[in-house]
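Chain lettering (A, B, C and D) follows the sequence in which the chains are written, and residue indices restart at 1 in each chain.
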Amino acid sequence: MKRANWTEYQKAIADDKYYYARSCIRQNFYPGSEKAFLEILHKDLGRDIFDDPLHTSCTGIGYHSDIVPLETIMTVVARQFSLMNDAGYENFVTSCITSFGIYTEILSTWEEFPETEEKTRENLFKATGREFVKPKNLAHTSDVMFHFRNEIAGRMKRPLINARTGEPLRVVEHIGCHYAKIFPSKGIGGSEFPYVLAGMIESWGGNVVDYPERRHCCGFGFRNYLVQANRGYSIANSHKKLESMAPYKPDFIVCNCPGCTMFLDRWQYTIAEMDGTTYGDDGHGIPVLTYEEMAGLVLGYDPWELGMQMHQVDVEPLLDKMGIDYDPSAKYLGRNGKYIGKPEPAAVNCSSQNNTIYDIKM
Amino acid sequence: MTFFAPFTIPFIVGAGIMFFVLAWKYISWLRGLPKDDLKLILRGIPTTATLRSVWEVIRESLLHVRIFRVNPVLGYMHTSLAFGWFLLIAVGWIEVVAYLGSEFVPLQGHVFFKYFAAGKIANHIAFFDFAMDLLLAIVLSGVLLAWFKRLRSKAMGMRRTTKHTTGDRIALSFLWFVFPLRLAAESITAAIYGGGGFLTGSIGKALHNTLGTAVLENLYEPSWWLYSCALGGFFIALPFSRYMHIFTEIPLIFLRNYKLRPTHKESTYDNFEVQACSRCGICIDPCQLQSELGINNVQSVYFLRDRRYNMLSLSVANDCLMCGRCEAKCPVGINLNTLRLNSRDAMRNIPDERRYGYLRGLDRSEGSGRVGYFAGCMTLLTPKTLNAMERIFESAGEEVWWADRNGGVCCGRPLKLSGETDSAHKMMAYNTELFRKHGITTLVTSCPICLRVFREDYDLDGIEVLHHSEYIARLINEGRLRLSGGKGTFTYHDPCELGRGCGIYDAPREVIEAVGTLMEAEHNRRDSLCCGSSLANTVINDSQQLKIAASLTAELDATGAETIVTSCPLCKRAIARCAADRVRDLSEIVADAITK
Amino acid sequence: MKKRVAIIGGGVAGMQTALRLKRTGGIEPVIIEREEELGGKVRNWHVLFPTFTPAGEVLGALRSEVAAAGIEVLTGEEAEEFTDRSVKLRSERTIECDAVALCSGFTLFDATLKEEYGYGIYDNVYTSADLERMFSEGRVAMADGSAPRRIAFLHCVGSRDEKVCQRHCSKVCCITGVKQAIEMKRLFPTADVFNFYMDIRMFGPGYEELYREAQQRYNIHFVRGRISEASPMMDGRVQIKSEDTLTGRPLRMSVDMLVLLIGMRANDENGRFADKAGLTLAQSGFMQSRDLFLGNTESPRPGIFYAGAVTAPKSIGETLNEGFTAADRIAEYLGVK
Amino acid sequence: MATINFGYSINRPRLIDIDRNNLRKSDEILLEMPELQTCIGCGTCTASCTAGNLTDFNFRKVHTLVRRGEYAGAYEEMNKCMLCGKCRLLCPRGINTRGVVMLIKRKLGDF
């Protein structure tokens, strides 16, 4: 494929000193990923990134579900910026695609309609007595990871290569609608040929699968999922994507967006229950990783340290493929060695089906 | 006298098979008739219908009076063959009786009397020699004409003749050879044994003089063998070929006089009509699909043939305008359209109880009155007619119930024409109920398609169904419409469904004459052309329809009339494609002429 | 003393204008052509709609007439700027003249700007111009050399699309799509050909008839709906998505070849020409005529005239007619009968 | 199969998938009546339709779907038609609409 055109969409990414904003979904479902991001930046790359306990949700989920008004979310965002000012940072990095979309949209709105910025300043001041300066640089955490992809490649311990065959792993990447579909120029590679994850995969030895429904939404769609009556539409979207990628036999999916990670992973279980369709090797599902997990594996982190036991689709077949050593018995032990519980056996949990290690402990 | 010789075997076998097959066919058809039809037959036998039938058999099966009317030469051909042969048999019988008295003579004895009597009769009766030769000469002239017709059909007044099947060709060949071979056999017999009249006798003498006895002796037996074979072959082929018509027409005439008719469902009675078709091909020329479009495999003769041999295809069954022009000309009087309809029904009717459930409880009618007006789907596309009818009703002071001015339910005839008879009945039931509900006593429609189905298929006792032409004529006669007329010149196109379909020719003409001068087109009334847009045809395409409409329009234009009048919305729209500004519905010219 | 008229652009418009001017006897036209030979865009076309006339026939006739008339032709020369009395060439040369006819035509839309169709990215996505080249070369095939079994044409690529700042209708693509679909069907009779369109605009003589023939005789499928995106398939074919707007349902299919019917856009240098010569541009970026009815071939400035697609997308027939009109107006302006 | 009641199921796509649809019947129909392909979607047929004024029957849409290989329900829809012929009288492309109805019913009776 002649795909050089991603280079037409580039953006400036700060090199150091980031103010970190977390993601609601990731904190709850993939907490290991956010921790891994901070660790990689601190330890491996030696960058300064500040994880501020004072910051809040951006309220994007509420905003996209029509329960948080625009003025409110603008004020919340302004407060985050104000906190960043307090902490002495000017590069804002957010861990969530929807937050990234929200920040981008609000900054653009303020630019196009300065009166809304004035109003927000007024609201923020009335509510909290705070003032704020807009960030110098706004990026998504995957942008930062993309920015350092070559540095990470330099420290790479396990490339994205099938250890048994020596072939590059086939990786499906999913960007998330709010990354570049709203403002194509704010995403690396734009919206049609996004390169942010593809760049990482290629730098770390994998092959990107370009399948027909690559740009399609994962199906989260906020109201589509949040209202139960609409969930059939949500799952139908994931189903469509999985059907489209299945013939390419991907080794894993890497996602950019908290919701997509969750839905492409969890819906595989639901689809298996609903109509018996399973994907991936031996029908045990296609593992779905976050880019931090992918970077963490590449850098030699322990998969359970990265929180990969939180996945619906088991990652062990992938770990085996990559030749990663891991302790199967440590999977469901938390950081302090305490048993954290395990999922019920299902079609997409291949290793937990006949595994009684934890049952003894119970 | 002995009446057996080996050469008679082909004839005896042939005749035996033929009579067996005929009997088997007729008996099974009669047994298959619905009970009501059987009752009709039993009730009809003791009436004058039987006598009338006998007379009709003589007229039509022997003398072919109807074909004479179409074309005298063609009539003579048929008469000479049919009546001539009949007389040959009848006079031959008398001849045998005259020579042998009351002695029993088997069938072959009559047929081959000349052979068995050869050399055994002392005194020839000159009358019989002459009469038999004369009759043979007449039949032979018919055969000659038939040969000639094959070569040049135009001379017989037919532009096109039927393309026959192989079976028909075989039977035809046998038939063509029967009489020349008889001539040969009888002449050779006369040459050896004497006798014979002006034909066989003279040829016999000539043969005797030229060939000599020895040669003739050798030809004698073979010539009778050939004649017997030709007869036997023809008889075997007869029940399976078009010549089946020779015998089938006879029971058909009786059954028809007992009031049996084909219906919208196939029945064994249809076989009498189907097999009574002689494939004369008279139906080909009037067919506009043939003359305008060059389609030459769908005409009634081919339809009946295909149906008879179970090789009817949908495309043949559906490719017919059902204009009725062929039916009007059919010398056997076969109900061609009905047979085609019940074929379509057999092929297409799919009873589906769920269909048209949406009609339930529907009523979009408006107004009230004893007179109901049913525009019909097509009239909704000719609003000028609607407006004219409104004007006419108003002027006549008629209170009108408008059944479907705001869109109604189709009358059902289009579905019936397509063979979906059961579904059509759902529409009929719906509309009947609607008419009853509104208590009308007169139902006027300006669509001949609707009119025909109202009259033929609806059960509308107590409601008088009128075409708007009849209704308007009545208003004029009753003095309820005052018209100023006399200025314009009009030509009138008879819609098929109105004219040949419902027999309404005079009412529209009366109306036209009340407002102006009528100039008849070349084809008019029962002979009028079809506009090509007939709903009965679902095969021909738009340009083909247009071509037919154009030729009709050209003929109407040739009258020189200022305005073309018709009384069918479909015909009007078809003609309008070629003469937009000059075609008007009958109601329009009336509405314009209203004085008060 | 003969009058001299500079004709910028040696395509069909320029040649026609020059021929007519020359025939007056009192005018000496000079054609300035950027390329090394005359002919313009028509050079790259195989056959012309709606008659399937070889483009070379039209071009050949014009070229030989130009040669026979002894018209001065400067090839490989590009106009930098001009006024009504002179044309400054990029080679620093200046042509003095009494009037200028701008016949510089149009630019083909760059299909890579419609990223979602993957032109230049996926192997089996082509433009109508690519297809004409393939027709001319006599070899039409998929990228891997095999014969296509399903071909999709997409109308209005770079036309009527505000997302790429081309609001105007390019006018000729509809009929080109019909023509090329028929040609493909003739080459690959068993292939299925689909045309995806927003509107079918059959404005010219014989066009509607050809459209109907494409439908009825060639069984070409016309789907009303713009393709929203194209994606690659495992086997190198292309998956396309659109809405079948006539049934209100989304539609998806894979095709062996996707042909983009690219539109005509205004030349980039139109702005420069307009600035220097005091002319105006239409909203579409094409040159604005003095008046769309009575002065279609005239600019608002005396002495500067237009012919052909420099003012708007036009068919070859219309362009040739404008050549005549422009020449007559020039002769009138110069007082030459 | 499903042992768990999720309260929802995977919505069937509304998509017309030309790759999955079996176009054989559609090809047969177009072969028998090529003029159907000349439909320009003007909708006159549906606007004038006697049955369409009483139900949601849409002749244009049904035959378009059939041409795309979407046969489900086409037979039942076509059965709503009364064959009255108004559409044929109005069709600007001169399509033999009644023939189309009968042809589709004949070809798709099994669906």
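For this structure, a couple of remarks:
The definition used in the following text is that a residue touches a chain if its C-beta (ideal position, glycine included) is under 8 Å from a C-beta of that chain, and two chains touch if they have at least 3 such contacts.
Remember, it's a predicted structure, so these values are computed and weren't measured experimentally.
Farthest from chain B in terms of Cα centroid separation is A.
Comparing per-chain C-alpha centres with the mean over every protein C-alpha atom, the closest match is chain D. Note: centroid distance chain A to chain C, computed from Cα atoms, is 47 Å. Averaged Cα coordinates give chain C a centre that lies 39 Å from the centre of chain D. Rounded to whole angstrom, the centroid-to-centroid distance between chain B and chain C, based on C-alpha atoms, equals 64 Å. Across the assembly, chain D contributes residues 13, 35 that each touch 2 or more other chains. Within the complex formed with chain B, the chain D residues making contact are 35, 48, 50-51, 53-55, 79-80, 82-86, 89-91, 94-96, 98-99, 102, 106, 109. Contact residues of chain D toward chain A in the complex are 1-4, 6-13.
Chain C makes touch with chain D in their complex at residues 200, 212, 215-217, 219-222, 224, 244, 246-254. Of all residues in chain C, those touching chain A in their complex are 112, 115-116, 120-122, 229, 231-234, 239.
Interface residues of chain B, counted against chain D in their complex, comprise 314, 318, 348, 350, 352, 354-356, 358-359, 362, 377-378, 380-381, 407-410, 412, 414-415, 418, 420, 423, 427, 533, 535, 538-543, 546, 570, 573.
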